[in-house]
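Quick one: this structure, given as structure tokens, is what I'll be asking you about.
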Amino acid sequence: MAMVCLSDFEAYAKKYLPKIAWDFFAAGADDCITRDENILAYKRIHFRPRMLRDVSIMDIRTKLLGTEISFPVGIAPTGFHQLAWPDGEKSTARAAKAMNTCYITSTYSTCTLEEISAAAPGGLRWFQLYIHRNRAVSQQLVQRAEALGFQALVLTADLPYTGKRRDDVRNGFRLPPHMKLKNLEGAFEVCKISLLDPSVTWNDIHWLQSLTHLPIIIKGILTKEDAELAVRHGVQGIIVSNHGGRQLDGGPATIDALVEVVEAVQGRVEVYLDGGIRKGSDVLKALALGAKCVFIGRPALWGLAYKGEEGLQDVLRILQDEFRLSMALAGCASVSEIGQHLVQFSKL
Amino acid sequence: MAMVCLSDFEAYAKKYLPKIAWDFFAAGADDCITRDENILAYKRIHFRPRMLRDVSIMDIRTKLLGTEISFPVGIAPTGFHQLAWPDGEKSTARAAKAMNTCYITSTYSTCTLEEISAAAPGGLRWFQLYIHRNRAVSQQLVQRAEALGFQALVLTADLPYTGKRRDDVRNGFRLPPHMKLKNLEGAFEVCKISLLDPSVTWNDIHWLQSLTHLPIIIKGILTKEDAELAVRHGVQGIIVSNHGGRQLDGGPATIDALVEVVEAVQGRVEVYLDGGIRKGSDVLKALALGAKCVFIGRPALWGLAYKGEEGLQDVLRILQDEFRLSMALAGCASVSEIGQHLVQFSKL
Amino acid sequence: MAMVCLSDFEAYAKKYLPKIAWDFFAAGADDCITRDENILAYKRIHFRPRMLRDVSIMDIRTKLLGTEISFPVGIAPTGFHQLAWPDGEKSTARAAKAMNTCYITSTYSTCTLEEISAAAPGGLRWFQLYIHRNRAVSQQLVQRAEALGFQALVLTADLPYTGKRRDDVRNGFRLPPHMKLKNLEGAFEVCKISLLDPSVTWNDIHWLQSLTHLPIIIKGILTKEDAELAVRHGVQGIIVSNHGGRQLDGGPATIDALVEVVEAVQGRVEVYLDGGIRKGSDVLKALALGAKCVFIGRPALWGLAYKGEEGLQDVLRILQDEFRLSMALAGCASVSEIGQHLVQFSKL
Amino acid sequence: MAMVCLSDFEAYAKKYLPKIAWDFFAAGADDCITRDENILAYKRIHFRPRMLRDVSIMDIRTKLLGTEISFPVGIAPTGFHQLAWPDGEKSTARAAKAMNTCYITSTYSTCTLEEISAAAPGGLRWFQLYIHRNRAVSQQLVQRAEALGFQALVLTADLPYTGKRRDDVRNGFRLPPHMKLKNLEGAFEVCKISLLDPSVTWNDIHWLQSLTHLPIIIKGILTKEDAELAVRHGVQGIIVSNHGGRQLDGGPATIDALVEVVEAVQGRVEVYLDGGIRKGSDVLKALALGAKCVFIGRPALWGLAYKGEEGLQDVLRILQDEFRLSMALAGCASVSEIGQHLVQFSKL
């Protein structure tokens, strides 16, 4: 079977992963409307491609908070990579480094931050965190991440409680006994997500800033009001995200929410996006609407499920090639030429 | 089979109820467009969820005309509960009381008002009535309800004649011989809905007010014009309803009609809604658009069909959990924080 | 099989008619988009039903050019009724008279005008005509119709040439040898539609007026410009029609075109509609948007195919009952209360 | 099997062509959204047909840059006609000449320009070209075409690189060994599309103009900005095209893009369109929106696959008949009467 596009990896993963793992990765909240909208929304955006521009030399590099990456696609934080591939997050780290892009490592990794760092020394990594009821746990994680060279903290804002994913309830999903949330061992019992603190507010950003010199990115913003609050509280970046449609069903597609966030932010901080990226042209649409970079969640897991590190590189390479081609066909030779003039929302 | 969401109860009821009973409960008028629109319309409303608000302590209680209920979901008036469960409306009353919510008891109950009251003493109940050609029948029902402690009258305004439900015609639907419209026994022959008075007008509200001290809620309003008339005629509440799509096919989805009714009423009376509620997030959308409370019809019957009182409690508990979670994920810790800013109508 | 709604008759006709006849009646031009839009367009119109109006006494009668009919649904002109039922148009005439409504008799009848008149003496009938290259043919038909008591002429304006109906081409459709276009026998050879005159213009209305004292209705108008021309040329009525989607594929649904025609006409002549009527509530929508009456084409043929005169009466009776019920449920006791306030076009 | 409409030829070609050839012709980029939109977009455009106009004498001729053709449909440039029929482009040229229309011959022909010219001497042909890295190749092609009597050059602007057509990748598509890109033999190796120059800009139009006296048409324009640039750079015509949806997936349907291009051009040069034409009424819609002529790509190949020259004539004759009928039914007796008043975009 030729792996030509990301859907091929999805089909592979669906076929070969244990059902309970596939269901967990695929799950959306409730009726999965937001999960599916993340993808459908791209179909309502049309390009306005420009012709006869010199696209003989293509430059698809961009920078994340000043650090160059090979193209504007990183790895979104997702948990439990050992469910997809034995080496888990170590493979993810290696693939991201090989492709010279950013890997946002989840708190809910099945490898320790130390193992991940050792697997791909020097790779660009950000650390995703929640704020725990026991703040000492969060503090310890932040300090470990900083010491290990993670270059930013990504605070997930949309999970005061876990969304209702029906298949996980039906399957009685839990990690197999031989996998652990290794970053949290010792800190408290495994998988007790309820130990996250639902009382967290914007003021806790200040507390987090007091713990670290790392820049702070906030993930899960979907409105202009919250974007404004994020900027005012001194974050360095915003990830427009609905947690892959796994939290509040009925929330907007991220590509739709991006527009109002970008308009509110007015360039004061970098804005990123995750959710629904399946083709290089999706990346181009997100950049045209103001995202500095996008992050892929499920497609990265499909790549891991296919062939571990190598499979994830395949996924990234396909996206890279498609993105470069889309740019050229739209008349852009470098990411700096991408702008809102390239797209319009379909009336339909 | 795990009962995870309301659709599970629907599937159960469809499988285990006699076809004639399932068809009767499921029926919509004509092509069932309005029945189905009631549900589809929610998919066109997106949340604008807010992040990093303290949702550690959730308060989902609300008040109906001053009386507190555990969450803003009550039981809509539907007839013939014995078709779903042997104990019929007695089970419904018990479940509603156990869950501390309001049960609007239908005139077309298969238990008497007295039996229902005795089954769950002290429960919050409203009485749904029609105005009969023989006004003495209505008067007697109103007075019985008031004497039994029902706390409001719900006048159904959208049934001067019964809608055309094709399956009921095909099935030759009628109550099995061992079930009776017990509240009407003696008053006139069973099931002669044609004894309802199609000449009823707004003036009859005044007649009704002269019979009772109970507040009067009018059910079946779908336009701003009628909402204004309702307020002017001194009702205490309005239920935006299209009778579950069982009366005039082609009428608006209730969640769409809610907007214009709420705008017309301007807070002068409480506005409720029934029709299409299938998830906790539907409840949140209705409240965001101005409903004080919603009522469930078919899902309550599915719960009864599953396990009587216990099954209906399951349905209510699921809705309650989903509503609480949706609120938290949208950034609201109490119902007072829910407002129109939380939603927007999709352009699609 | 219970015949509950018009779709039941459609299913019967599809099952029992010879394929070539079914295909001919069902045919639309090209991709059948306009044929299907005629029906779909009704689903995009919502009612704004009004409550608590006295609908105890329902008056659904209307007048066509001053002549009362039992309800605002007549029989549209369609050809070849013997393909549906042996007695052909004689049965149609009897059913229309029995139901006290108007039957627009087609030039392409398989019974003569004389046979049709004799079958149902005193019935309200209009005569549909084309203008032939040989004007003497048209003149003779007009004079026969007038002498036989037809009360209006309906000039079909949308058939300078016959639309392309793919199935008819594939089937090599032609009348069976034992059926004749009896009104045209002697005048010229049967079925040579190409003898119609594609050079007809508005001036020919004046020629037609010079031949007859009958009022002239023009059928096939879809734009405000042509509606204005029709009024200026002194017609007494307009039938908004796209020939059941059998002529120009891609034309508007008639219910959509009705709006602009009614607005242009400003009450100067009566406006009718055919196309897509399948339920009583469709009739109500058309009247709310300004039609004085609607006409049914294919459903009449299904009724004939079911049981001849009796079947067509069944169809009309069902529509009558559904229309009366829809009116009542929308809060109208007589057709004079029906107005544009009753409907709105869905944003979707 | 009767060949009644273009879909019949499509079904034939799909059934009888080798899969690899069918897939190549059918291919669209990525998810084929733009390819399919090209067709779907016509369904969102409604006619406003006019009645009672003299359409007895129909004149469907038009002129391309002053040269008369029998009706406003030409053959778009597509490659590799021998994949569809052994005689390849020679058959295409004969059919186009027989039907008195214009054939835009592709650089990627499997017959030489000389063979094509000899096959149908005197036929109206334009030559489609790319600009090659080795400009001498382009120059030689231009001069050969001019010498052979091709009457215009069509510069394809939307292929700096080839779009990603998944099926071609999966199939490992390449020309069978016995077919050659004959116009390029000797110039460089066959099928190295990468020898096209992705650095081409608007300035190269001037270079092209310096080589030839032929008028230059630019193909692949989709925005008003590029339309303006094309006019300013002195082209004689614009083909609104998205390469049949084979290049940038997510670009607009051509019929949608036509509107903004026509508005920008303001009649200064002729505007044509290709993509999605499947019926005579599609041609009428394109002309109503300002196209001077349309070109068919895949339908021409289906005609070739059916019966070579004869099959392509069948396709053209069907389109011609349908176009003439659509015009008549819309009330236009000549193409000069076609205008924007004939159409409106559906709100849906």
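Order as written gives the chain letters A, B, C and D; numbering starts at 1 within each chain.
The definition used in the following text is that contacts are C-beta pairs under 8 Å (C-beta built on N, C-alpha and C of every residue); 3 or more make two chains touch, one makes a residue touch a chain.
Here is each chain with its UniProt name: A, B, C, D = (S)-2-hydroxy-acid oxidase.
Source: prediction; values computed, not measured.
Participant: Copies subunit A and subunit D touch; is their interface built from the same residue numbers (over half shared) or different ones?
Facilitator: Mostly different residues.
Participant: How much rotation, in degrees rounded to the nearest 5, is required to superimpose subunit C onto subunit D on the basis of Cα coordinates?
Facilitator: That rotation is 90 degrees, given to the nearest 5.
Participant: Measuring between mean CA coordinates, which chain is farthest from subunit D?
Facilitator: Taking each chain's C-alpha mean as its centre, the farthest from subunit D is B.
Participant: Just give me the whole-number Å value for how far the CA centre of subunit A lies from that of subunit D.
Facilitator: Roughly 42 Å, centre to centre.
Participant: Distance from the CA centroid of subunit B to that of subunit D, rounded to the nearest Å?
Facilitator: 60
Participant: Of all residues in subunit D, which are in touch with two or more distinct other chains?
Facilitator: none
Participant: Who touches whom among the chains?
Facilitator: All chain pairs meeting the touch criterion are A-B, A-D, B-C, C-D.
Participant: Of all residues in subunit B, which touch subunit A in the complex?
Facilitator: Result: residues 2, 4-5, 42-43, 45-56, 279, 281, 285, 321-322, 325-326, 328-330, 347-348 of subunit B touch subunit A.
Participant: Quick check on the complex: what are the subunit A residues that touch subunit B?
Facilitator: Counting only subunit A, the residues touching subunit B are 30-31, 33, 44, 157-158, 160-161, 163-164, 166, 169-170, 197-202, 204-205, 218, 220-223, 225-226, 229, 247-252, 256, 345.
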